[in-house]
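See structure below.
Every chain is named by a letter (A, B, C and D) in the order it is written, and numbering of its residues begins at 1.
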Amino acid sequence: MNPVNYLYLAALLFAIGASGVLIRRNVIVLFMCVELMLNACNLALVTFSRMHGNLDGQIVAFFVMVVAAAEVVVGLAIIVSLFRSRHSASVDDASLMKL
Amino acid sequence: MENLIALLVAAPLLGAAVLLCGGRRLDKTGHWLGTVLAAASFVIGVVLFADMLGKGAEDRALHQHLFSWIPVEGFQADIAFQLDQLSMTFVLLITGVGTLIHIYSIGYMEHDERRRRFFGYLNLFLAAMLILVIADNYLLLYVGWEGVGLASYLLIGFWQHKPSAATAAKKAFLVNRVGDVGLSIAIMLMFTTFGTFAFGPVLEATGDTSEGKLTAIGLMLLLAACGKSAQVPLQSWLGDAMEGPTPVSALIHAATMVTAGVYLIVRSGAIFNGAPDAQLVVAIVGAVTLIFGAIVGCAKDDIKKALAGSTMSQIGYMILAAGLGPIGYAFAIMHLVTHGFFKAGLFLGAGSVMHGMNDEVDMRKYGGLRKYMPVTFITFGLGYLAIIGFPGLSGFFSKDKIIEAAFAKGGTEGWIFGSVALLGAAITAFYMTRVMLMTFFGEKRWQPDAEGREPHPHESPKSMTVPMIVLAVGSVFAGGFFAIGDRFVNWLEPVTGYDHGHSPLSVATVTGATVVALVIGVAVAWGMYGRKPVPAVAPRGSLLTRAARRDLLQDDFNHVVLVRGGEHLTRSLVYVDHSLVDGVVNGTAASVGGLSGRLRKLQNGYARSYAVSMFGGAAVVIAATLLMRAV
Amino acid sequence: MNVIAAAATTSTGEAVQFWILGTVAVIGAFSTILLKKSVHSALSLAGTMVVLAVFYLANGAYFLGIVQIIVYTGAIMMLFLFVVMLVGVTAADSLKETLKGQRWLAVGCGLGFGILLIGGIGNASLSSFNGLGAANALHGGNVEGLANLIFTKYVFAFEITGALLITATVGAMVLTHRERTERAKTQREMSEERVRGKHLPPLPAPGVYARHNAVDIAGLLPDGTPSDLTVMKTLRDRGQIRDVSQEALADLKALEQRSGERLGREDADAVARGANPASAAENSEAAK
Amino acid sequence: MSFPLLTATAALPAIGAIATAAVPAAQRTVAKWVALFFSLGTLVLAGVVFARFEPGGDRYQLTESKAWIADFGVRYELGVDGIGVALLGLTALLIPFVIVAGWHDADPLETKSSRWRPTQGFFALILMVEAMVILSFLATDVFLFYILFEAMLIPMYFLIGGFGDRAHAGSDENAAKQRSYAAVKFLLYNLAGGLIMLAAVIGLYVVAGSFSLSEIAAARADGTLEMATSTERWLFLGFFLAFAIKAPLWPLHTWLPNAMGEATAPVAVLITAIVDKVGTFAMLRFCLGLFPEASKWATPVVIALALVSIVYGALLAVGQRDIKRLIAYASISHFGFIILGIFAMTSQGQSGATLYMVNHGISTAALLLVAGFLITRRGSRLIADYGGVQKVAPVLAGTFLIGGLATLSLPGLAPFVSEFLVLVGTFSAYPVAGIIATSGIVLAAIYVLVLYQRTMTGPVAESVRTMPDLKARELVVAVPLIALLLLLGVFPKPLTEVVNPAVKHTMSDVQKKDPQPEVEAAK
């Protein structure tokens, strides 16, 4: 089997995650979708590193994970405080990005 | 000696400055200061005159260059004065009559709390008028020209609380401005033609240019003269100008300022000599105004307006004379001077009458005043005799000369002008007799005025009568003094030149004709106003009379055509500016605003829809890169 | 399978594994974005991640594979679940789209994007690949290799990520920390407040006068109307109160009906009127 | 490197602005005195510049030059020629009067809070404008000039929008709406012009490879710089449009009446007497200096527009009901004269235009400021609300009349000199245009005298019966201006001999000679 299939899978997952971001209103699910996209990227990176035969790809994936962790921490904190302020977890409620 | 010339102007200018800036503390003494400075200017004039007489005829002209005023490349305007015989004549007339009228005003304006300012304005006028006549170039003359206009504006509107006065003042200034346009265009023409506008160079160089140019310049100068000297078609302001205090009417609107036009034309004689057509137009304007003013004068019941009409017509004589060329110049000035005497006298007399009749101006409410104010009666009577040209008095000589000159012009126009002048003499006799009879003869017709004050006519104080007497003396003897042995002509000859033409008629014939005309005029007037009593209310009168009462409908014409038309024009322009010109601007703004308002709808604030556009953008980018790769 | 082999070639075993687990991963992804309840989404996402971890291992990234399981599936997803708990497990958000055209745009973009990516990968010439064997072997193993890189080439980036994590932690604390706006009430104050307040007696227990005694069911007042006071505040805030008063009343009514039929009509009325608060309550409600 | 006099002259008011703004909120009077002090200091420095300037010397004197944005050859280049000196003098001279006249205009009606400091802001902004205007008169680097030309708008915007005329027709909020409308219109209108100019500036750099006037002139002289005719014309239009809006030239004038009507009288003076002069000044220096051929090509159109401005502005002034709008339209007419003189391209016309800028500044200042005193007394801008003021406040009426007479350019007052020069200059090149322009004389008389008659003469209106006459502070403003008008009317030589050489240079830029008088030509 050609490991390129991993890449196809990654692309598929990424696209799914992205559409999820666009479709869902619940902030938490939104976040999950973002995580999904990140993971898709990681898969791609790992695959590439395997193809090129050096570890840098894995290093990057590693960093992605770390950053994702940080992001999730902050993001969830934001969600919590958001939920506290307005008793809802829907992004559409925060439609303040206009005059 | 030259350095004295500036002082001529400086004295009254100083007076004006002090009186106008001095404030209330000068209210007590201001009028004296003004009078003294005017007199000082007169004295200086006399000194200069004496000095001038001492010299030979040719080198009498004095010249004083003060400083360079506007130096720009070819355009060199100087503040420089030139005092030759012509200017000298005016200087004496202006300062002399001016001083007298200052004295008169002390009494006349006694009860006016703004008397100080009045004297300030009078001094300002003197200064401006002097600048006008002693300027050595047209631009400086223009300064004086507008200066007198300003002074006349201020003085006509001196009683500004009267709307009529304010309007009259404005009208005078505006009509004069129209004339000024003529003067300024004339100056520009001179500059483009001769490269200068100083009297000397311009008048010498007239030979070097085309007649067309000269005609253009001449006509423009004539326009200016018409404005200042109330000649048809710009005469309409003079009648209303009588709203001003009577001394003002006497000084500005009879003796001096209104004659500036004559001065301008005589001064520019060389130009007109080079442009016969322009000269002819001048003569025609003079002739027309002569008759026009006379007719108006016949119909007015307001004594001052009647006199104003007469002034118009007399200046018509002068302009006519000036339009005759070298034959007439000297006589134009001569009539100007004598007219200065007797018309000023007449106005002062009228003023004194009004003074006695608590400011009633309607002659139909006078009558039989000779018993009550003898001095006024006598002086006024002498003035009257002088103006109608009673043999031996000033008017007789000056007017007679003009009529002769008119005939001497030769050709058909000579005949026409001559007979017009004769006709004018007859009408003059008529309306002046009318004034005389209605005012001083017949039985008294006055009733209590609006406040029920019964007027009790009385003679005016010395300060008023003395100047009247002096002027009366002048109006009796001046003409003779000038005419005997052609003194005046010889005096002016070096400046204006003289050529006494070939009259088809003998001097005696003309004189006889004049006298006949005069007799007829007086007789008709006696028939209409002397024998039967004058009705206290004006009869309806013939069509001509009614027209004449309305200044021959000139004002109505102006009102309908210019004022109304102007109002409509401005109103429509305001609309255009607001809706059209500004409309385009605001329209642009509005359309931009609307567009952005629509675009704003895209910013619905939902994070997810932003995300969609972002994601779509990313997709597009990828597609683009792939396409690049593919190609 | 040994390191070198696993890294260098793709065995049929791996192929089989890929096709099975790949399907699982895709299903997981789909269920993540399509399930109503966020708990379910979280769980299916966790599934997908586990599958990815396996794929890492298969790709010779042992370290990452382990980290994936520990950090992601272990830590991050748990964090998600905690938050879901906080926000409300049962709060199911409807998938009905509110923004006009949003869904179709989203799907369109997703499809287009995916197709583009796949197409891109497809026509990129990636046929040749040399496995990780050499690279891993170089420092004697994947982990050592990574460590070697991290602490030499990428050391600064590594340090910075450390800083980033610290910042994130602090940030999270700051964000979630609730500032006390007023002084905490002392017990005395609370008691006084209680005495002054409307409810002198202790709050009623849930399920009083009711057929159920579940926490989320409001107790009935004597007149048969439910009182929210009987339900705990959290549930009230979440709006997770079930109201059974109406069916309870309905049952009561049916009971009377039957008893009325069994006894004589008029004394049935008497019975009904005489001793039956519930029916009285019902009448009063009818009157209302 | 000698003492940078020009920089100092421009910097002093800027420093003054900062100092004024820094004065604590409570000490309003202190702020006013600080502002006045700095403006007077600037006047002194301007006097020094005027004294140090030798009319016979090189074209640009007291030059300074520093590299600024080296990559684009933008230099901080200052230099002053005769025209610049004249306008510098005008600006430095008028600002103190503006400040004194506006002494109470920015006193807050009610103190909103302890940090509420409109007075400081007002005077600081005025000084800011002064600094920018002065620098723009001194800049010999196109880019530097452009930046100032635009930056000027910001303080002006706040002055117009923030400190409206308290004597407005109608309710407060209505007035506020009007004011912000005027301010925004002013800003956008001028900004639009500025942007077009920016394009032209960049284009110029692309073509000429430099922003420095002197370098471009030199390049043009030794023929290294060849502009294609079309390019030159486009660039000219880019510059000219901006200046024509600022000037303002018909039909781009509509922002002026709004701005001047809504702003307080001193600010209105700032607009029409000082800031707008930058536009005409720039026409003379940049349009003619940089694009002589294109200027000559555009002359007929520009002259036609100028004539329209003259007549149109005057007629609209006659039709106005609002004193300040009337003066605004009168100014439009006068700007027509200035532009006419510039594009007549005769030395009389251009000297006249330059003098006209100065004289119009002074005369309009006199008229507007006195009108402002009148308006603040009565609290209305409508002519109809007045009447017979002359009887209760003779001094006010007198000064107003003199201001008006200056506006209708009565001989003996300064504007006459310039107006006549412009007319002669135009007439000698384009007789018909000259004659049409002369009609402006009559129209000016109409609007001034009608204004005077309706407000000052006639029976005393109820509303003005108790009107006080001019106070000391107001006399301090009015009297010197009038004295100046008289002085420059009788003895304009100091100005002309500074201006003439500069005009010679411009004439040589456009390679034009004065038309010969017919007689001399014949000889």
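By definition in this document, a residue touches a chain if its C-beta (ideal position, glycine included) is under 8 Å from a C-beta of that chain, and two chains touch if they have at least 3 such contacts.
Note that the coordinates shown come from a computational prediction; the quantities given were computed from them, not determined experimentally.
Of the two chain pairs shown, A-B and B-D, the one joined by more C-beta contacts is B-D.
The distance from the centre of chain A to the centre of chain B, with each centre set as the mean of the Cα atoms, comes to 96 Å.
Chain geometry summary: the mean Cα position of chain B and that of chain D are 37 Å apart. Centroids of chain A and chain D (each the mean of its C-alpha atoms) stand 62 Å apart. Averaging C-alpha coordinates per chain places the centre of chain C 71 Å away from that of chain D. Along chain B, residues 604, 606, 608, 612, 615 each make contact with two or more other chains.
In chain A, the residues that touch at least two other chains are 18, 22, 25, 92. Of all residues in chain C, those touching 2 or more other chains are 99, 102, 105-106, 109-110, 113, 117, listed in ascending order.
Annotation, chain-chain contacts: A-B, A-C, B-C, B-D (touch as defined at the top).
Contact residues of chain A toward chain C in the complex are 1-9, 11-20, 22-26, 28-29, 31-33, 35-36, 39, 42-43, 46-47, 49-56, 58-59, 61-63, 65-74, 76-81, 83-84, 87, 89-90, 92. Chain B meets chain D in the complex at residues 20, 67-75, 79, 139, 142-143, 145-147, 150, 153, 157, 160-161, 163, 165-167, 170, 173-174, 177-178, 180-181, 184-185, 187-189, 191-196, 205, 208-209, 213, 566, 569-571, 573-574, 577, 581-582, 584-585, 589. Interface residues of chain C, counted against chain A in their complex, comprise 7, 10, 12, 14-15, 18, 22, 25-26, 29-30, 32-33, 38, 41-42, 45, 48-49, 52, 55-56, 59-61, 63-64, 67-68, 71-72, 75-76, 79-80, 83-84, 86-88, 91, 93, 95, 97-99, 102-103, 105-107, 109-111, 113-114, 117-118, 121, 126-127, 129-136, 142, 145-146, 149-150, 153-154, 157, 161, 164-165, 167-169, 171-173, 175-176, 178, 237. Considering their complex, residues 99, 102, 105-106, 109-110, 112-113, 116-117, 119-120, 123 of chain C touch chain B.
For chain B in complex with chain C, the residues that touch the partner chain are 604, 606, 608-609, 612, 615-616, 618-619, 622-623, 626, 629-630.
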